[in-house]
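One structure below.
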């Protein structure tokens, strides 16, 4: 395992001398009930090797049969991405050996993808970038290996591996961009925005959970540098193991800096696959391949061509949700957000979360406040995505509702948030367990105010004299006494009442 | 286009096909394969560019199944042929390649 | 006392009349196997207990009046390339030694559901690659007509079992002639259905676009009866035809009348002549005479691209096979061999060592050729080109079927050759498939019917009848007609002329 010291050129300098070109390959694991080519359940988790049959195990004699729903989802994804839908296409075998692939070939599509030549308009810090798409095609997922005996659980250094084929055969749609050029310093942001917004689109279509942390949305990042203004494309590297939107951005940035270091030194970029490490923020080289992999593609002889009728395609077009640009405009109008507020929401990958929080009863302003404020801050601290915090829109709406009712104040609400992040349960459960409810018992409040007045005669005197601002000290004392579980506004009222 | 296979080419193909051919086999196979290849190379130029390829004898299209769960194998059945197993999974020797 | 020489149809009649029971019949077959298979070696695995239990169940159904099919209770042998739950399935290879599938092939499930006891699995060339059964990893099968000769391949086991009365009927598979050619050299009947006419689910694939499962029997009627049981659409096989089979048994009955008035029979110029044994050709021409006397009109047709059929086949098959056989990698089932001299072998090391030890020479040859034909830089010239020539061959058939209702030829160029004679000469071996390969490339159905014994050596030859795709009934009609006419001429079945086997009393 090599970690040779790579020279990283400062980011700004990279752009002085080079133009980056990006390519993104995103795999979406569909949420169909069954696998791509057999009737086994396509569910996540479960005991190993319980969702397998002769076909997805690749037993001798087994044969594939195409899942209609997967084809439908592929077409809908293609239409939502403005692609042309093939009138006739086939599956092809991609031949290579790997223990998590039961047939030692993957049934995929080669030169006849079901969707091709599309685009997605991506919002990047207020600017619209059109990302051109090469294709979207259908293929099947592999099994999952657990590496045993090594120190790290990683593949290198393991003694042996245990393979579970539950995941083998689950439908995947692979979406490939054309090279994205002319984005300069925005390359990392464009990559991130593309993946995040593609995710939103996939979720809106209802075809996948599309969660990077669960592996049902996977991104491989390709990057190359060319001399600035040359109009050429450089040698690219592919980076895998990029498991969050943040990693996408960081990996692009890192590779740009690394490529520049190599090229500046007069060396050539090795065309290879690299592995991203989120913890150290670097890429490392994959194993040197002595034989360039020749996949020996040929049309899958056990399957017949897929020829979606134009009627079927139009029928599916009718089931598409509104396109992202239209949707954003509509939501912005509905929510009354400013352009900046909307841009920030989209940029944070919070659009869907805000929408769901509003649907659960919160006001748009409140939803935005939580997701882009406190929750975004927490996510940033831990390096997670806001969608991966374990806090749901329903939770957020409930917390806000409790605040609106006066049952919580902002400070208490933040403590409830701590509880949510720690997985202690629902907001109501946390309030009860931690005893966080605002005390609304007037008697108790009154007694506490009296006590504070008695303990601070000088302050009380000032207030009686009309210096209302001094009330703050008394309010603070009462809040401290009540362990924060009081409505500060009501306390202030009581203080002023009693001292008027 | 040469229609014969050198010993080295055969060795390379054996690597692609994951078969550890012995030296004796390489010596033995290469000439046999060349003879076969020469014979099959006779189809060069037989078909014009505009002849469509056949991948299926019968022109079926759009054969699908509905997205409905069907019975699976039990884990015991699935693992019944396994040369080695552990924790209800197939035990395989250490994998050298990268995660795919 | 059961006469095991009877056809399956006759045995079914005996079961019906009460002259015998399925248990008796099945036991008699098992006894026969014990008696003669030492010399023949048709069987790789026996399924005695399960067969007898199935026979008993059949007899009970008969008593209750709830028969499952026209052949309920008639035992059958199954080529070892078809997955049989609970019975080893080796495909004639070491790499699957002892493998017991956890599922049944669709055709096996249909045969079981029809009430046929499965006697055992029959020998074959490894992964169906061969024309002599000499490439089996478990020893060759011997031709009952002459034990020093091959029984044909790849399905020599099924044909020999049926020819030596160990089983009345059997299942075989045909990719380039593996049912028809053994039929020809053992004096039995073999049918390759229209591609897609019989399910391939559970058939360990050799060349997916060429393979078909079909009947191996002693009479044309028996083939039709078995074909009707196994054939028809299977949702588990995406390439299977979603239409009812034509009426095959009816076609046999029509043909058996011996009247072929108005039937145009096309003799394919390219499937005869040089390379064909004189005695084989003589029997072929005599059969043609008989068909003419029966009212058929014989025309000569040329299929010019058939001369490229062998080359096309030996590019398409290895390409598909090389990919199909990649799954045998020691990880999930089958043989696992650890390489010598490596302390902590990797998965790759184990894969390579296992495939080296587990595959025979012919399999290795075809995997290498297939890998080459598909590799980048060569795809267009080899595999791509072969798929185009395949189209030309299909077009030749289409043109020929405008002028003839069926096309005929000798099934194989020679009678059974000696064991060991061609096994080291791959090209010589491949030539056995000259006449049978075109049908697989175009997906059309074909039957081989015994045409008689060649004068030079007294060994059987076969008459092949091909029909357009979906017109399997034409093969059966013309086959049945020829069978009837030849039976008349011979005064009894051809197999009566086969020599007695060791331990056999006649």
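Should a chain be cited, it is by its letter among A, B and C, assigned in written order, with residues numbered from 1 in that chain.
Operating definition for what follows: a residue touches a chain if its C-beta (ideal position, glycine included) is under 8 Å from a C-beta of that chain, and two chains touch if they have at least 3 such contacts.
Just so we're clear, the structure is a prediction, and the values are computed from it rather than from any experiment.
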Comparison of B-C and A-B by number of C-beta pairs in contact, larger one: B-C
Chain whose average C-alpha position is farthest from chain B's own: A
Closest chain to global C-alpha mean, per-chain Cα centroids: B
Cα-centroid distance, chain A relative to chain C, in whole angstrom: 56
Mean-CA-position distance for chain C and chain B (Å): 24
Chain A-chain B separation of Cα centroids, rounded to whole Å: 38
In chain A, residues with contacts to at least two other chains: 54, 57, 65-66, 97, 99, 159, 161, 163, 294, 296, 301, 303-304
Where chain B touches two or more other chains, by residue: 16, 18, 55-56, 60, 63, 65, 73, 78, 90, 92-97
Where chain C touches two or more other chains at once, by residue number: 99, 102-103, 209, 235, 238-239, 326, 329, 331-333, 344, 347-348, 351, 371, 375
Contact footprint of chain C on chain A as seen in their complex: 54, 57-66, 93, 95, 97, 99, 102-105, 159, 161, 163, 294, 296-298, 301-304
In the complex, chain B residues that touch chain C: 1, 5, 9-10, 13-14, 16-22, 25, 29, 32-33, 35-37, 39-44, 46-47, 51-58, 60, 63, 65, 73, 77-78, 80-84, 90, 92-97
In the complex with chain A, residue positions of chain B that touch it: 12, 15-16, 18, 55-56, 60-75, 78-79, 86-100
Complex interface listing, chain C residues touching chain A: 82-83, 89, 91, 96, 99, 101-103, 105, 200-205, 207-209, 235-239, 319-320, 323, 326-329, 331-333, 344, 347-348, 351, 371, 374-376, 379, 383
Touching residues (chain side chain C, partner chain B) in the complex: 99-100, 102-103, 194-196, 209, 235, 238-239, 241, 305, 308, 310-312, 314-315, 322, 326, 329-336, 339, 344-353, 355-356, 359, 361, 364-365, 367-369, 371-372, 375, 381-382, 384-392, 394, 426-427, 430, 441-444, 469
